[in-house]
Every structure is written in structure tokens, then in C-alpha cells.
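The structure appears below as C-alpha cells.
Letters A, B, C, D, E and F mark the chains in the order given here, with residues in each chain numbered from 1 onward.
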């Protein structure tokens, strides 16, 4: 066990934890004020629900001994055998608990990401059950496949910090949910204008800050690789913030603050699978592209007519996919992509993309339908009019 | 001249505005208000303490028009704001004796 | 008594207040409102989606005065609020039948 | 019909609402406003720069009632809003010519 | 001196520092908008006042050489002898300064916690004097008793990160102050509704984030124990957020966002004394209980009729007490509680609870009365009507 | 390479990154609500623009091989040779990338600081070009002079974490810009009242939190010196928050929340050059003085009649200057100032102050004039009336 690495990863875990309330604010600022709390809640409460589930069952399904490349065994159920030393730890340099809690934070934020798609219209009770099932049936398998010894990792798919596990999975789930739950009441006639953009900017800032833990921490050590992941993360976010506002400016409008924040997040998403595998200058290139690609991504919903309220598909789905493929092209650090002469990696990445989208979309479909049929997921028109804060939580956000 | 006050649901603002403009109205002034009425309110709970909130968000649109236009405008507003559910709100018409346009100093019908 | 409603630009509040006080007004009540009119609005864009916002922020100043003061007050307000640009706003004058001062129960001219 | 405007302290809202309901009022509309008057304002200081704020927060309650009820309502409001300190506010009564209930199209006394 | 430990504790100190403005926002969102700044100020300015006092006198009273188990000597007054190396440092692996500043952050937040009890009605000048005296006469002795070599520590009381020193002490002071200062004007007739719950959620998030520094940092090293404290902290907060919203849901209402945030804080409070002494799964159990216990705790004020405006008693007093006792029961890591067969520990914990409440309540009573009689503490009705922001600070929070 | 140091500096870099959005909120709360986004944007987008420029050219101009004491060579252009190991790293204990990205965060926040001077009236396009040029023509040389082997460092000027490089440079630029761009429309007649002080407090809190990374991280190792810088930073901020509110209270008013926040920032600015060179108790003295000095500093604009909207000159210019001179007097840790018997140091500091003000003011003048003549910098009166958010970004901050 390495005490410096332990110090680093514990702090990184704290940073990743902070991302979930950051996301809550990022999303919360984008909805109408009558839905601000319900939206925040759908992220915040994941800190509660997912953490406990992770300890009970999620961690072991992800990192228990590999069963056929598909799922982890129950060795670590109820954190059995997850101790203060490195016995059984997937990272030998870290206490097993440190590894477990770092991974826990990823399991918390991923379902929270999805909630942007069905914001302003999903009932809270159904949401909780949906999310719990999703952790077990979608996240845990995905996590096992990529990082827990499952088939994707075995195949050689590169996913440094969660392009597939976190962003594509939540993006695919978001697409599925947005279609199934239907549009918000008033979609097309009412203006859905963000009620508090400073809150959204603050959320984006916390996300950026926490993402250093997410990506650099994924080196699982405070070494040069962590430094590389840290730098690529920052540069990709920076570049994408710039390219997004250039895109919207060229596209006939003005550079917007929301655009800068959205671009930064798009860059962070896209660099996630690549962070430890590419160089900083390629990260800038990847970021510049990601800003434009995701700006295009958010236009898809208008073309296809689903109501992805806060653009989870456009940013996490599209950005994660772009990043995963770009990793196959640009990898030169500790792995070889197309530009290092290994065209095969692109194919591997492509397979992982297709499998991720297919699996996550299909499984989300099943879960959604099951919960909808039993508990119910969509709020009535009247509840939407009144606002989800009052109708679901008996609260209001502001009394100025 | 007449002042027409339309108190109705917030999400009806655009519909009413369009209807009024269609009826020949050139300007109007809107305020966010809270209404108490048959519609009733809702309960809020903060750390176990319950509060009954009797007021619901509404908008109030003030529009001053020449006498001849009043009937039409009221009718247009009524139709546009109508949902048929309790809480649609009210329209009040009252007399206005003088109107001045600040920019030009015009008064009377020319000023609205 | 007359009620004078002055709808004008937000940054003119202090000027108008001073002018009214100068004209002998002892009290007034102000609301933040949104105005629709010739001035037009602006475009807003959120993640590529464009919205036309037709309403611009204005203030509405209500002041009730005895009949004799009304003309003066309207004139003072008009001058103070004037910039000459579209969007300066309107002044409406309407009748008030009764005024009560809550503190003292005084009514009529004594109460304003 | 009469429109009664009650301008008073914000924390008196519940008391006045209850009093009006007691006097038979079925609906009312409330706006947050700022008042200038004898009560005076306060000083604010930001990084050494002093500002005199002359406006204090008040609420304005509009209630339209049939003519016969007006006196009672004014009296009920006055009592409920009274503290005896400067700044209790005013009640204004003015004529309303027509009332329409948007939901049903009813007019006149039936509509309030 | 261990450089990795130093890195870890310095960052933890920064995290704990961040908790005080987090608390400012947590509290600030709960009051009416006319009191938002005054409430924020009563936390924020503790960063100024307590830090300076800590350097001058507080640190030495807490960690100077033990005088009869009661108080520290003046060895370190004015930080004399507190250097960049570990000479004289209570933690040999850390520079003395690192230990001192980490402890400083605890001394900052504790008096800030109390301010929730008398929010919306205490005058600023009196508050400053009250807080200064409280640091010296209540916090420093408590800190010495538990961590500085005083009698409670000698007796074997377990308090990993401040259940007694921070939470019970501030809870007892809060109860005393709430009673002595009297109810807010309008209590019982006016609705005291939180004016900005997103701000409160943000505050809770910062508290949770910073609490990793608080609890894991209390291991005073980046070792497995720190990992354990980190994990138990997170799990208890998560579990309590869940159980609180379940409690309020069962109690006939809805799950609320404020409930989730309050529950999280309750869990964090309750795990504080226990963090390094119990296992993660017991932390979940403790958290689940804490959410319900503190939900009950906040009901006490209605029953007993004091106006603890922001529920300091219900959350910090009750939660800290519950956590201290639970530590006596559940300790199995580096200490033995009831379930490890050591019933005596429960008795020790019980004694420490009674002594803490008794001492802190009584001493707070004396300080309050003294300050009230000389400078005055309660704002007049007129000042309360106008709002404390304008009347005490000549400012207003918002100009939208 | 030292892994603990690397862990520490990476986390410090994340903390410094977080300061820029903190500054965005600090500034954003101080303007009128119609300008909140434009103000936030002028800080936030620096994360994008400056980071990319830093990678491309800024870093090498600052830390490339010294050319005549004036500027760095192009060795590291496009991060060429900036690797995951410590080859070529100015700090041997750190991966070169870690050093580079830590420095990057300083380059991001410095131009953002300036934006407070011309808040509420500068066009976005011109601002971007101005800032880009400023990084290259002002920041990079300054950074090279002091830390990159240039003449100021050679001369022996003490600047631990950026009193000259960050604060005086931005203060001088702010003064120049405030004069050149002219007053805001309505200056003198309209009240410019902060629209959201809780946002400003939050921003100040994030700044304080991040400043630990800024100053302690400038030790470039997790050693006792870092601990010293951490402690002095905290104590100076604390003391200045106190002395500022005492100053305004004595000055005939009330202690204000904005005063406490402003004082804290003033203390942080003033301690920046001194953090690693003075002792904690002297830091308290320096902080107490800084609060009063900067409170005086913000009065200058009334006397001289420029419209430094958010007091960049008064706080960063004056505070940085005061701190630089005080360092010459008070240095006793690893350097010797006046009180250690080295009067010469005061002279050296004085020379560096004059040179910094002169160079930065003059160069900013040239850049401003060039950009103003070509692209244009001042928004029209009509745009200012409408608000910069709508006129420059087609957005509004709040829809409550």
C-alpha cells in the first residue's frame, strides 16, 4: 500500500462525490423555477440511494470475481472482505476500501446524469425504483465488463475513466427514457427557458473541478499518468468551451455563457475515455472537435422530436461516443490507437460503442416499462402545471 | 378610455398577448401577482412543519384602450385565457379619464 | 381624487420620484412590471433554441392625489420620465372614490 | 362594482386575507410592491458607498366586490392591517364597470 | 514527518475550512430573505474571529501541556513554538503547523453551528463577543478534555472527530441560547419558510464534501484508518438522507429535498464520533437510525416550545449525542464497544455525554447572560421586521 | 520525482482552477442582475482561452530557457517536451506536466481578475482579443521575470505566489482599462448596488478555499514550507476580514457582509507574495493592516474619478503592492527582510513594484488602444441600458 496514492485517491473520491451536487445545480438552473428542487433532488438523492446500494450489492456485482466475463460474483456483498488494507483490492497500492469508495462515486453520478432527460415530468417514487434497478441491471454489468474483468476489458476496449461506463450508458438510457416518458406538457408552445443560469455555471464549475478527481484519480495512483490525465482533462474542457461558443457564434448567433458551460462539460465527457491514453495537445484537438460535435448533438432532438429536456443524449451520449472512438484513433500513451499504427483499436472501440448503446438502451427500456406499469413514472399535466416541487415534494425553491 | 385588467394563469401570457394584439392592441403591461380564490392552494412542508399556501401564481395584464375597442378586447382575452378549469381568473373593466404618452406628450386616444 | 399610473423605464424611478415629491406628492407605490409595446423586445438563445422576448422591464408608479394636484403631477412625471426614445411609456389617470389611511382611519384628501 | 386596493405591510397579508374572507370576499389578487411615504427608508452601504433607499417593501391587495360590500370590506381590511405605526398604508376605492369570469363567461356581480 | 500525510492533512484542512461557508449557505437558505446576509455573516466571520483567536490563545488552551486534565497551558500562546517541523507536534508525522491549522478549522465551525439557533434575531456586536468568549470558555476546554490530554480522553471516551467537541457542545449551547434569547417576532403566527432551498442544498453539499476532510483527516494520516473514516462518513450520510425522507414520507407527507439535505447532515453529525471506530456496514445502520432519530429531534422544539430556528439542537445536539452513544455500542475498529463485548464503553460514553451537555449548557448560560447584560443580544421587534440585513449590516441580499 | 508532492500539487492545481469560477461568482454577485452572465463569462471563459493559449505559447514564453532575463524561449511551445516525468521540469520533484498545469491555473485567473474593472460595459469580442494579447504581452513576461529565471528573480525580488505576477499586474491593468474605457452609463446618478450578495460571499469562500492551493502549492512540495504558507494564508485572510469590518464600523457605519468578504480577499492578496517567507503571527499583523489599507484603496476611485467597477485596483493593485513591500520588511523564513536585518530587500521589493506597475500599465495601454481601434471595446449606452447579458450574449440570468 502506498500512502501517497491513498491520500490522492481519497481526495479524488471526495472530488467525484462533489460532482453529483454540482450536476444537481447544473441541471437545476436549466429548468423552470417551479421544478428546481425536484430536479436537484433527482441528482442529490442518488448520493443516498446509490451509495447504500453500492455497498450492499453494486460493488460486488462490478468487482467480485468474474463470472463468464458478464458479471461479478457475490464475494464482496455487504462490503464483506473490503478492508482497510489492500487485501483483495483491485488496486494493490490502495486500501481495498479506498478503491471501493472511489468507484462508488461513479455509481452515484451515472444514474443522476440520466435524470436530465426526463426532467420536469417524472414522479419521484417511480424515479427511485427505476434508478435502483438501473444501477443493478445496467451500471453494475457495464462497470464489470469494462473495469471488473469482463468481456469489454478483455477485448481490449479502452475506457480510461468511464466513456462507456458512465457517459454512453447514461446517454443511451436518457434517449430511451426521453422517448418513453413523452414530452413535457407545453412542449412546442411554451418557452422552456433556464431559470437561473448562474446556478448552472456554478454547477459546471463544480463538475470541472470534480472531474480532475474523476479522470486523474482513474490513474489510481499519484504518478505521471495521473498528471497526464489531469492535463488532458483540463485542456479538453478548455478547448471545447471555446469551440462550442465559436460554433454558436458562427451559427448566426452570439457566444453564450450557457454555451461555454455546455462546451466545457462536452469536452470533459469526451476526454473521459481518453484521458490517460492521449497527449495534451491531442486533447486540445479532441476538445475542439467535441465542442462542435456536441453542439450538433443537441440539435438532434429537434430533428427526431424527442424531448431530452437537458440534453443528456446530445452531450453525454454523443460526447461519450465521440470520445470512445477518438480514443481508438488518438491513443499513444500506454496504448496504441490508429495514429500509433493500430487500426484494430478503432474496431474494438466501435464494437464497445455498439454493444454499450444496444445493451443500455434495451435494458433501460425493460426497466422503464416495468416501473411505469407498476408504480407509474409520468406526472400528470396538472402536476406539471403546478410544478414538480409542489406536487412531488410539497416545497418551493424560492421565497424572495 | 377603458382600463382592462386580465388576471389569469401564468402560462397563458403568450396566448393572451397574441389575442390582444390581434384585436388591435398596441401595448400592454404585465405584472406577476398571486391570486386567492376558488382554485385553492397547496400544502408545503418544511422539516415537518406544514404550511397552507393559499395563493397561486397568476399574471395580471393591464391594457388601456379607447372605449370602442373595449368589448372586443375583453372578448378576445376571455377566449384566449379560457381553459374551463377553476382558476382561469377574471377580467375587470374600469374607466380611465386621461392618457398621456410620455415620449410625445400626446393625450387621449392617440396616446395608447 | 385621482389615481395616476406612470409606466416608464426602470432607471427613471429616482428621477420621477424626485419630481413627484417636488410636485407635492407625499407617497407613492411602485411595482416592477413588464411592458409590451412599440419598443419591441429582444432575442434570447439557449442551446441553439431561439426565443423572442417581447416584454421589457418597466416600472409602474401608482400615486393617488387630490383632484387639484393631478394635472401638475402628470406634467411633472412626464417631464421627469421623458427621454424621447420609443419606450418612454404612458401615464393613465383614473377616478378614485375613496381613500383611507389605515393608521389613522382618516379618509379623503387628508388620507393621501 | 368597486375595486378596493389595500397597500400595507407584507407581514399583514395573512391577517388581511382572513379578514376579507370573513367579510365575504371570495377572491383577491396580491402584488409585491415598494412604497414611498412618511415611513421613510433606510441607508445601505456597499464598500463604503452610501445609498439612501426610500422604498420599503409593501403588498398591494386588489379585491373587486359588489357595491354593497365595499364599505364592510374596507373596514375589515383597515382593522386587520392596523398597527398604529407610520407605514400602515392606504386603502383606495375606485369604480369598476364590468367584471367577467373567464372560466364561465359570467359577468357582473356573479363573476366576482 | 511524513510528506504524504502532510499533503493529506493540509488538503483536509482546506476541506474543513470550506465547510464554514458551506454552513453559511446551508443556514442562509433557510431563513427569510431579509435575514440572509446576517445569517451568512454569523458563520462567515467566524473564519476571521476564531482563526485569530485560535492562534493567539485557543490552540494553546486546547493543546498546551495538560494542567490537571482541565485545560492546556500557555506554551503555544501566539503560536510560540508551533513550527514547520514536527517538534512539539501532537502528531509526530505532521509539521506542528499542519496539526494546528487542521484543528483551527474545527474551532471555526463550532461556534458557527450555534448561530442557527438564534438566527434572525441576534445583534451582531453581541454575537461577536459571545462567540469569542465561547471559544475560550467552552470550546477550548472541551477540546482539551477530549483530544488535548484532558480527563475525558484519559477516561477513555471515544470521539473520533468531534461528536462531543463540535456537535454536542454546539447543540447544548444552541439549546441554551434559543431559550434565553426568546422566540423570533411573529413566531407562531408568521410562516417562517426557507427563502432559497437551492442555496441550502448547495450548503449541504459543501458540508458533505468538506466532512471528508473533517472525519478522514481526523485519522491524522493517509492510512487505512483514514480510508475507513472516509467510507463510514459517506455511508452514514447516504443512509441518513434516505431514512429521513422515508420517515417524513411515512409520517404522512412527501419526501422533501430539504429532508434529504437535513438527513445527510444528520448522518454526518452522528458518524462524526464513530467514523474511525466502526465498520462501513455499521455506519449504514447508524446512518439509517440517525436520520430517524434527528427527524424526531427537530420535533422536540414544538413540544418544548423553544425557537431553535434552524434546528441546531435537533440535528447537532441530538445527532451528536446519538452518535456518541452509538460509538460506545458499535466500536470494533481500534477500540471495543458493546458489540465487541465491552459494555463499559457505553458507560464511558454516557458519562461524556452528560458532562458535555452539562458543562456546555451551563457555561453558555453564564456567557449569554453576561453579554446580554452588558452589550445586549436580542434585536428589537422593529429591527426584526425590517430584517437583520438592513438593521445590522445596512445591506440587502438581493436586488433582482 | 516525489509521488506525495505530485499528489499535493495536482490537488492544489485543481483548487486553483476552482478559483476562477469562484471569482466569476464573486464578481457576478456585485453587478446588476442584467449584467450577471456577461460578468461571469469574462472570468469563466478564461478557463477556455487562457488554458489553450498557455499550452500553445504562454508556458514556453514563461518557462522556456531564459533569453536575456526578459522572456522564455520557444522550447516548450505546444507543450513540446513537457512530459509525464520530471525531465526538464523546473521542479525536479514533480512531473513536468504537473508543474505546467499548476502554473496554467495562475495564467487563467490573472486576466479574469482585470475584468472587474471594466465590468458592465465591455464588449465580449474585444474582451477576448484583449485578454489573449495581455496573456502573451504582459503575463508571460512578468511570469518569466519573477519565476522563469528573468531579471526580477535574479535581482532577488521575493514573490512567493504572485503578488507581482498576479495581483499587481492585474491591478495595474485594471487601472489602465478603467480609465481608458470610461465610466459606466449612469455613473454618478444611478445606484450600482450588488444584485446578489450571497453569490459574492460564495465566490469569496471559493476563492479562500482555492487560495490554499495557490499559496501552499507554491511551495511546490508538501513540506513544512507548504504548511507555513497554508497557515499564513489562512491567518492573513482571517485578520483582514476582521480589520476591514472594524474599519468600516469605525468609519461611521456598520460592519457589512460584503466588507468581511472583501477584507478576506484583500488579506489573501496581500499575503500572496509573502506566504512562504513570513511567520504566522506576522501574517496576522500583515492581514490586519491589509484590511485597512485596501479599505482605503477602494476609496481612491472616488478621489481620482475613475470607475473601477468592482475595485480591482483598490484590492488587487493596492493589496498586492502592500504585500510585496511588506514581504521585504517581514521576511524571516528562507529569506531575510528588514526585520531580519536586511534593509536591502525593501529596496529590491520597491524596484519590483515600480517596474511591475510601469510595465503592466504601459503595455496594457498599448493593447487596449490597439484593440479598441480595431475591434472596439466599449458597449453603447443602449446596450448598457438593456444589459450586457441580453446585448452581448442573448441570455438572461434569471427567470424567477
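Methods note: contacts are C-beta pairs under 8 Å (C-beta built on N, C-alpha and C of every residue); 3 or more make two chains touch, one makes a residue touch a chain.
For clarity, every value in this text was computed on a predicted model and none was experimentally measured.
Participant: Fit chain E onto chain F over the CA trace and report the rotation angle, somewhere between 0 and 180 degrees, nearest 5.
Facilitator: Angle of rotation between the two copies: 120 degrees.
Participant: When the contact pairs of D-F are compared by residue number, which of A-B, B-E or C-F has over half in common?
Facilitator: Most of the contact pairs in D-F are shared with B-E.
Participant: Is the number of contacting C-beta pairs greater for D-F or for A-B?
Facilitator: D-F
Participant: So the centre of each chain is just the mean of its C-alpha atoms; given that, what is the distance between chain A and chain E in Å?
Facilitator: Taking the mean C-alpha position of each chain, the two centres sit 33 Å apart.
Participant: Hey, how far is the Cα centre of chain B from the one of chain F, in Å?
Facilitator: 50
Participant: Determine the centre-to-centre distance between chain D and chain E, using the mean Cα coordinates as centres, and give it in whole Å.
Facilitator: 44
Participant: Hey, what residues on chain D touch two or more of the other chains?
Facilitator: 31, 44-46, 94-95, in rising order.
Participant: If a residue has to touch 2 or more other chains to count, which residues of chain E qualify?
Facilitator: Those would be 3-4, 7, 11, 191, 193-194, 196, 202, 253-254, 256, 258, 394-396, 398, 400.
Participant: Where do chains touch, given as pairs?
Facilitator: Every pair of chains in contact is listed here: A-B, A-C, A-E, A-F, B-C, B-D, B-E, C-D, C-F, D-E, D-F, E-F.
Participant: Taking the complex as given, what residues does chain B use to touch chain C?
Facilitator: Per the touch definition, chain B meets chain C at residues 3, 17, 26-31, 64, 94-103, 105, 111-112.
Participant: Considering the complex alone, what residue numbers of chain C touch chain F?
Facilitator: 11, 14, 42-46, 53
Participant: Enumerate the contact residues on chain E facing chain B in the complex.
Facilitator: Per the touch definition, chain E meets chain B at residues 191, 193-194, 248, 251, 253-254, 256, 258-259, 262, 295, 298-299, 302, 311.
Participant: Okay, in this complex, where on chain F does chain E touch?
Facilitator: That would be residues 2-5, 7-8, 11, 15, 32-33, 193-198, 201-202, 204-205, 208-209, 212-213, 216, 221-228, 230-231, 234-235, 237-242, 245, 253-258, 260-261, 263-264, 279-281, 284, 333, 398, 400 of chain F.
Participant: Could you please specify the touching residues of chain F with respect to chain A in the complex?
Facilitator: Chain F residues touching chain A: 1, 3-4, 6-7, 10-11, 13-14, 17-18, 21-22, 24-25, 28, 36-38, 40-41, 44-45, 47-52, 55, 78-79, 82-85, 95, 97-98, 100-101, 104, 124, 196, 199, 202, 389, 392-400.
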